[in-house]
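Written below as structure tokens is the structure these notes are about.
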């Protein structure tokens, strides 16, 4: 049994895969960017982050639901926790739960993967706790529907048609069900805000929802909502990384036009 | 204990797998692969939580005789039926489990998916109004690509397929690349926040 | 076609129609189909997982192969069930953290490699204004650049920066329009498949009833 | 409310009705013996997949991943079938996996049916591995050694007992991978498969996914892309020209008229919506 793990390794194989040193360096540099800005944020230096329009849309949707006295539907996508979009969605969920708790508006969270159930429950509970209303937390708000994409969609559409939520928030990793849900949501007259980094579904959200959060904005919203300055620091760090990438893009194109190849080749991963 | 131990577990495993990417030692690789398989095992136990959640919520509705409670009975019946059939008689082709899958579950699933053909039309009708320059670009590109996808395109203009190809290759691809790069950075920074314990919403309160 | 087969196919056809009925409006038939599929699919997945993962990965490895260390993940899995108790539910966090650590650790370097570095390398191509291809290539760089500016959070979209971000929005809209247009085809083929299924069913049904009434036999 | 306002806020059920007519009409026409056929325009990315298979020699091994379930059958079965036919006709050997949860039974049907047409035998001319959950991990495993996740094939034969698998340890020993996929399995192939272990990879995906994979085509991470029903029609067209299949076996090409009708309906509605929008705006001004 143990022998399964002990292999005859030719001594020529090095421990470190030198082909990937560029990935390691890039990762380290990116991490340093993040640490630097988190450090600055911790010291209390104010960091400017522009207002992300999607945030207002979320708050407006929650407000609408409160006014109409109807529930909020929060759909966290159909993928498991190994997709970081689902992680970001759970962070946003915690904050939406906090808003819902403050306004005492019911919240419904249908789930597609059983492993997400405990995480969603923790996030919602945490939100209610943060709003100072732990007793208002309804155990039935997080509902596992089904693992199967379209059975899940059917279940969610059923909730939309019969419980008539006034706000549909869809954040996470979505596939073909995006338009099925968004069109049904439109027909029930709900205000809809969606966000995903799944590029193939963005067109449908853009077309059918009132507001769409695109790609990286999903992560930015999750950082922004948590209101912790140190988490905002990571947004700055990722902005700096983007700036560096843009510089590399231009510089790389110029250098390669001048027939200088090493610069581009350095970034090449086997 | 309640907070720190999980954070340490998360950090150590994350570090192990990041290291695995850079380490080419086969023994190390094999250990990492084995632990990776363990993840699947851990998840499979979560199904008990899922099924328990379904049972709790639906029996609640039935007990209180809320609206549509009869349909919740149908739901629980379907669930029990599949579990009993599956455990009792197996799941191979030709079993009742398989037939229920093919004739109850599959047609429903396929029809839900097919509804998209209708929804895509109604969404297009409603949303592709040229209200602003952005909406105009959206609508015009959509129409152009639709024409390019069917043989009508070639009949209208010989180079139509090439034109749609260009849309796919230049602006379309550039946008996807930019979204991809941005989203990847966002995902990595969120991932690092989770590993280092800066972000711990998923673990809940104390 | 036997009677049993006919009943099965008829149920498939009926459920197809029930689901389509939702296009008109929500109704009891759709409700029935919806609840049935949710229940059946939840049961289906639990069973598939039981045979596909639990039996071979847990039971077989631990008891048949005697690889005792596979009881570690099994124990972590069982710890998830502490969520049924209010007092001990915090223990389930160990399992959550275990899975999250692995998932995030695996994805970080791969995301960087495949979604950042590879596309960076491929976007840097020589600039060459003498050929059409070269001009397109230059445009791709410009488009990627401006779309990236749209995703900047540290600055307001004003001035030259705003112009670039605006171009970025335009590029995004073109991409979304193209994605939408490209999809219509796939969705229509799904609908066509369903319609063909119903057509075949009607033909079979006609034949079946014909045989039944004319000759009184069940094939 | 004026005519144009009413046009703008047309009940969506009218649209549904017209879409239904557009799909049913060509089917009825064909039923009454009036088939409509139009040759497709062949895109280079579909052609490069075709040429790759076309250039394989007898006894070369191709890895075919059937990663979709019955949901995507309508769109992806035609191309999977065309590739299998092409391989069997050329005596190229094929290893097949099915990493989509509901796919293995459907894939088995396709494979055994096609194999029968060409008298091919599992274990000698092709090997069908079947399904294992968690595609990312399984793909990494298969790229190192098939036996890690598939000690036995779909039919329960141990891999070492199959003559075809004697010299083949992992995907790295094959000529390349063609992944016919609906859903994110394709990403796993790009990242965890070809990305880590460097073998040629081509995709055949649903129309909706195709747009996402153009960047990978451009970056060389995949060498070809067959997109949806249209791609399948192109593939069938090429395969028919080189004699791999007959016109009667066309599936994708036959559905093209339905597509054309439906596209025209969608475009017409967009145009109608805009006419309503502009006319009602002009009136108000």
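For clarity, chains are labelled A, B, C and D in written order, and residue numbers in each chain start from 1.
Here, a residue touches a chain if its C-beta (ideal position, glycine included) is under 8 Å from a C-beta of that chain, and two chains touch if they have at least 3 such contacts.
None of these values were measured; they are calculated from a predicted model.
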| item | value |
| --- | --- |
| Set of chains adjacent to chain A and to chain D | B, C |
| Relative to chain B, chain with the most remote C-alpha centre | D |
| Contact-richer chain pair [C-D vs A-C] | A-C |
| Intercentroid distance (Cα basis), chain C paired with chain A, Å | 17 |
| Separation of mean Cα positions, chain D and chain B [Å, integer] | 19 |
| Averaged-CA centre spacing for the pair chain C and chain B, given as whole angstrom | 4 |
| Junction residues of chain A, two or more chains touched | 20, 23, 27, 30, 81-82, 84, 87, 115, 118-119, 121, 144-145, 147-148, 150-151, 154, 162, 176, 199-200, 202, 204, 206-207, 214-216, 220, 242, 245 |
| Set of chain D residues in contact with two or more other chains | 12, 16, 19, 23, 71, 133, 207-208, 211-212, 215, 218, 230, 259, 262-263, 266 |
| Multi-chain contact residues (two or more partners), chain C | 23, 31, 33-35, 37-38, 40-42, 44-45, 48-49, 53, 80, 83, 96, 99-100, 102-104, 106-110, 112-113, 116, 118-121, 123, 144, 148, 151, 172, 175-180, 182-185, 187-188, 190-191, 193 |
| Chain contact topology (line, ring, star, complete or other) | complete |
| Interfacial residue positions of chain B with respect to chain C in the complex | 2, 5-7, 9-18, 20-22, 35-52, 54, 68, 71-72, 74-83, 86-87, 91, 97, 99-118, 120, 124, 133-135, 137-146, 148-150, 164, 166-185, 187-188, 191-192, 194-195, 202-204 |
| Chain C to chain A touching residues, read off their complex | 26, 31, 33-35, 37-38, 40-42, 44-45, 66-67, 80, 83, 92, 96, 99-100, 102-104, 106-109, 112-113, 116-118, 120-121, 123-128, 138, 141, 144-145, 148-149, 151-157, 172, 175-177, 179-180, 183 |
| Chain B contact footprint on chain C (complex, rising order) | 8-9, 11-13, 15-16, 19-20, 22-23, 31-51, 53-54, 57-58, 70, 72-74, 76-78, 80-81, 83-84, 90, 93-112, 115-116, 119-120, 123, 136, 139-140, 142-144, 147-148, 150-151, 168-185, 187-188, 190-191, 193-194, 197 |
| Residue numbers on chain D that touch chain B, as the complex places them | 8, 10, 12, 15-16, 18-20, 23, 38-41, 43, 70-71, 102, 105, 133-134, 137, 140-141, 148, 207, 211-212, 214-215, 218, 230, 256, 259-260, 262-267, 269-270, 272-274, 277-278 |
| Chain D-facing residues of chain C, complex | 23-24, 45, 48-49, 52-53, 106, 110, 113-114, 118-119, 121-122, 175, 178-179, 182-193, 195-196, 199 |
